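Structures are listed in the sections that come next.
Here subunit A shows up in two complexes: once beside subunit B, once beside subunit C.
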Partner chain A sequence: MSSSLRLRAGLVSIALLAAFLGIWHLATHSTGPVATMSPEYAKLMGLTATQGKSAMPGPLDVGAKLWEHLRRPFYDNGPNDKGLGIQLGYSIARVGTGYLLAVLVAIPLGFLIGMSPLLSKALDPFIQVLKPISPLAWMPLALYTIKDSSISAIFVIFICSIWPMLLNTVFGVASVRKEWINVARTLEVGTIRRAFTVVLPAAAPTILTGMRISIGIAWLVIVAAEMLVGGTGIGYFVWNEWNNLSITNVIIAILLIGIVGMLLDQILARFTRMVTFPE
Partner chain B sequence: MTDKFISIEAIAKRYPGAGGATTTVFENLWLSMARGEFACVIGHSGCGKTTVLNILAGLDAPSEGAVIVDGQAISGTSLDRAVIFQSHALLPWRTVLGNVTYAASSKWRNWDRAKVKAHAQTFIDLVGLTGSEHKRPSELSGGMKQRVGIARALSITPKIMLMDEPFSALDALTRGTLQDEVRRICLETGQTAFMISHDVDEAIYLADKIFLMTNGPGALLAEVVENPLPRDRGRTDLHRHPLYYALRNHIIDFLVTRSKTFTAETPGHDPRNVPLVHIGKPGLTIASSGDEQRQTWIPGTSPGLTA
Partner chain C sequence: MSTFDDPFDADRNLRAGCVCGQHCSAREHEQAALRCEPVESEEKRYEGVVASAVMRAMFPQDVARRAFLKSVGASTALAALSQFFPLKTATEVFAQAGTPEKKDLKVGFIPITCATPIIMAAPMGFYSKHGLNVEVVKTAGWAVIRDKTINKEYDAAHMLAPMPIAISLGLGANAIPFAVPAIENINGQGIVLAAKHKDKRDPKDWKGLKFAIPFDYSMHNYLLRYYLAEHGLDPDTDVQLRSVPPPEMVANLRADNIDGFLAPDNICQRAIYDGVGFMHLLSKEIWDGHPCCSFAASREFITSAPNSFAALTRAIVDATAYASKAENRKQIAEAIAPANYINAPVTVLEQVLTGTYADGLGGVKTDAKRVDFDPFPWQSFAVWMLTQMKRWGQIKGDVDYKAVAEQVYLATDTKRLMTEMGLTPPASSYKSFAVMGKTFDPAKPEDYVASFKIRKSS
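And now, the complex of A and B:
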């Protein structure tokens, strides 16, 4: 029953994709009015004007270009011409570094805040104010103080991924069932051992959910951050190709950003499933 | 004077109520138990039974008074006092074996894994869960979960077992089997047991002494009823004992009427010397132990119901 449902859903997905590609193809294939002009001017204007070809690339153009990229993902022809693999690698490395730093800060700090009602109350106003700040708003301050665009991007990732993890850790730790804590207390388990054997496993699903939200936000923010700081990364690639007016490359980048984001989310989802316990 | 293994002395529990007032759940509560004794507390919901048990476990501190166990005032929880929780409180991310080894390794921190595991296994076998060691709590029935809770409590070889309505969530059949097991284990290991119960028959079957508490707020320990049934009683022929109905009626009368009226009708009640009620014919009253005031209740004359 469920396997036949999956099969049917798969078929519908493929049909939808085919329909989308078909409509896209037809929409970009249609030729517009061809203007009459002098040959020199026509050369300047390109195919859009001379043959009425749409400026929007069709799926076949994108497919061909994508194939070209996939065959040579790691070439490096100087600052403005690097393989997509290299650009994605830069972005993933920045997200990874900023995100891991945030994990290292948010989880221990969240534990402390969650276990101490005093700290939790004292830090609450700061968290409430800092949390809604768009991570990109920190960019000028980061650039000014750090004076390094690449590290500034990492800082922005750090600051945007810390909040969901911190808040979820605090919540997860503070709402561990009292009876589990009481079990540890009646067994005279010390605070440190209790934190690792009771609080951490009990709060792990909530913490992992926060981590999953964070990785999603971090991947959203890196594209914008790299557009601002420039140099390398998939965000810079998008901006650079826009300046080159290569819509094909922009579309390919959009597709890859989506796929990488999905993979990152799936990895965290798998970890979440590993620590989730049925009650 | 009997040996007072557990002595609760003048404890009170107060909570800040609405508008600055304080709610007193109970105050000046005295209670004592001898080593190896099985006591059941019976009282209406909200009278403070769990509060007393938590104070005895060290999970909660009294607002006043002290609890003395084996000659020493307690300060907090102890591995000598095991708790069986009403909601079983198993750690759901651990298996049956993992839950029991967690307790055992907390008591014997320098034991190696194999030794802890073997020790835990003996207690899993004892409660009849052999073969389910690697199941998680979510894969167990209510009765099996409660058994794991019992195995976990026993595995630390405590001196005192504290049980908060351990069987109230179970069906009658499972409850009966587990009562048999708990009774057997407590007798075999010489446990001192303190149990909260809502079930009068359970108390009659298990307890040597039954503590009757009046309704809260301001609950009192009204009476200590001695169980006249022989120690080798069986669960199925309980009701054949000549004093069974007298005992049962006395407890039910208390729950139905006297738990509400006791405080008003007994102005001279001395919380330090709670009457020890012995059910039976006057001639059968056993010798008084200590300075406790003794009452003999003869079936059909119920002194508390005359009002």
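And now, the complex of A and C:
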């Protein structure tokens, strides 16, 4: 039953994809009106103007270009032109650094706040105000104070991905069942040991969920940050190709950003499953 | 007398026909003053410069030198000279001009054709020729390039000509002394309108339109405002001016978010290439020979690494001189088109640089001076920009036009470098010019500002 459901879902997915690609192809295939122009003039103009070609590339253009990129993902033509593999590598390294720093700060801090109802109430307004701030709003401030664009990018990842983890840790720690803590207390388990053997395992699924939300946010932020800071990374790639009005490359980048984001999410989802327990 | 004359020429006319003495008449001087012609080879040029200096030092009086030359002949004189003066060593020492303190430099640029000399100097080897290893880094926008240069991530950068003045004055940034050793390009901008405005060629009909400019402190802003005001429109109330990064302009024009823009080139031509707009006017028609972008560095970099800075300036001046020649333009277009540099179709860059372009209305136009390259940082340019900053309320209160211009635009240093390189810099650092037929006198900036009817009341 379950396997046949999966099969049917897969078939529907493929059918949807095919329909999407078909519509996309048809929508971009048609040529618009073409004004008559002298051949001398036409030579100086782009295809959009001379052949009425749609400015939006079709799936075949994108596929061909994607193949070209996949064949040589690690080329390096100087500081402003590197292969997609290298660009993604830079982005993942940045996200990894910012995210790990956020984990290192958010989880211990969340633990402390969660164990103390007073602190968690007192800090709540600050967290609530800082949480919804967009990465782009932090960027000028970071650039101005840190005075280094690559550290600024990492800082922005850090500051944007810390909040979901912090809030979830606080919530997870605060909502550990009182009975379990009381049992530990009657057995005279020390505070440190109680934190690691009782509270941590109990709060782990909630904490991991926070981390999963955070990695998603970190990946969202990196594209915006790199578009602004420039130099390297997939965000810079998008900006550079937009600069050249190459929508084909922008679509390829969007596709890759989606795939990498999904992979990162899946990794965290696997970790979450590992620590989940039935009640 | 100029460095370029040959003091070994006995028949040279000693009576100067013009200020610099290099030309027969003042008119010829005017024509030549703006041009920088590179000589056959670096070596030869330096050799000539050094030999001339020695010859002049030995015979300071023209008449005495002439008599000597007449009696022995030029080649004998040169041979005799090298007997007791190590000409070759002196030439070598001169060409090296101090080892750069810092060899690996980072220079930021915005991907537009204004940056041509800065960009092409990397693939075409002008930086390495002057002993530098320069990485040119593409940057997302003017504010970012400003911050990265202030933060010392870049040693020097491509900036809009008014930006170093604004930064030095602390407009839109903390006041940090910046300097401009070289202008990048002159002309090379344009007013592009959306294709639907084909019939609205008279600016008087432009009330209520939305225009994009690249940055508040840009020649584009000042030229567009000037142009509109001359046609009776108040740029602050009659139209909307938006600051939009150049790459986003074409997309915005296509999306009908703006009606037109005064933008740097390859953006203008790109809009035409994609069939989105047409060329209403080249910026050259507003002010022929106006500066646009500059090569800028902080005072701190200049004082801490003077030799690196000098080498960098030489490389830029050298590249600019190369770019100013029409026959090199096609080759340059190919060198700067790849994704590592401007990242634009070669056809577009060729149209901009060679000046034979499609106007977007079905015609092919030719204007060899559509964009041109001239490194000399005229201080009168800076004074003009200051008058416009004042006119549009970017500067409030009194300005010491001359002091600011001289502090930021390093005409004296550039003059010295150009002379050392065997190029001919102009004799003065101020020149008068006309913007839309109205003459600007750099000596009377206050009167100039006051003479405009449309301006921001202060």
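The definition used in the following text is that the second predicted complex is superposed on the first by the 278 of 279 C-alpha atoms of A that agree within 3 Å, B and C clash if a C-alpha of one lies under 4 Å from a C-alpha of the other, contacts with A are read in each partner's own complex, and residues count from 1 in each chain.
Definition applied: contacts are C-beta pairs under 8 Å (C-beta built on N, C-alpha and C of every residue); 3 or more make two chains touch, one makes a residue touch a chain.
Everything quoted here is computed from the prediction, not taken from an experiment.
Because the two structures share subunit A, they can be overlaid on it, and in that overlay subunit B and subunit C fit beside each other without clashing.
When the two complexes are overlaid on their common chain A, residue A:240 makes contact with subunit C while staying clear of subunit B. For the three-chain arrangement built by superposition, the Cα-centre angle with subunit A at its corner and subunit B and subunit C at its ends equals 150°, in steps of 10.
When the two complexes are overlaid on their common chain A, residue A:162 makes contact with neither subunit B nor subunit C.
Of the two partner chains, subunit C is the only one touched by A:229; subunit B is not. Between subunit B and subunit C, the partner in contact with more residues of subunit A is C.
With both structures placed on the common chain, the touch criterion links A:107 to neither subunit B nor subunit C.
In the superposition on chain A, no contact is made by A:66 with either subunit B or subunit C. Distance between subunit B and subunit C in the overlay is 51 Å (nearest C-alpha pair, rounded to whole angstrom). Counting contacts as defined above, no subunit A residue meets subunit B in one complex and subunit C in the other. Chain contact summary for the complex, subunit C toward subunit A: residues 111, 122, 135-140, 143-144, 147-148, 151-153, 247-248, 250-251, 254, 270, 272-275, 338-341, 343-345, 347, 351, 356-358, 362-364.
The part of subunit B that touches subunit A in the complex is made up of residues 57-59, 76-79, 81-83, 85, 87, 89, 91-93, 102-103, 106-107, 136-138, 156. Across the complex, subunit A meets subunit C through its residues 35, 37-38, 40-41, 43-46, 48-49, 55, 77-81, 140, 143-144, 147-149, 227-231, 239-245.
Considering their complex, residues 177, 179-180, 182-183, 185-189, 197-198, 201-202, 275, 277-279 of subunit A touch subunit B.
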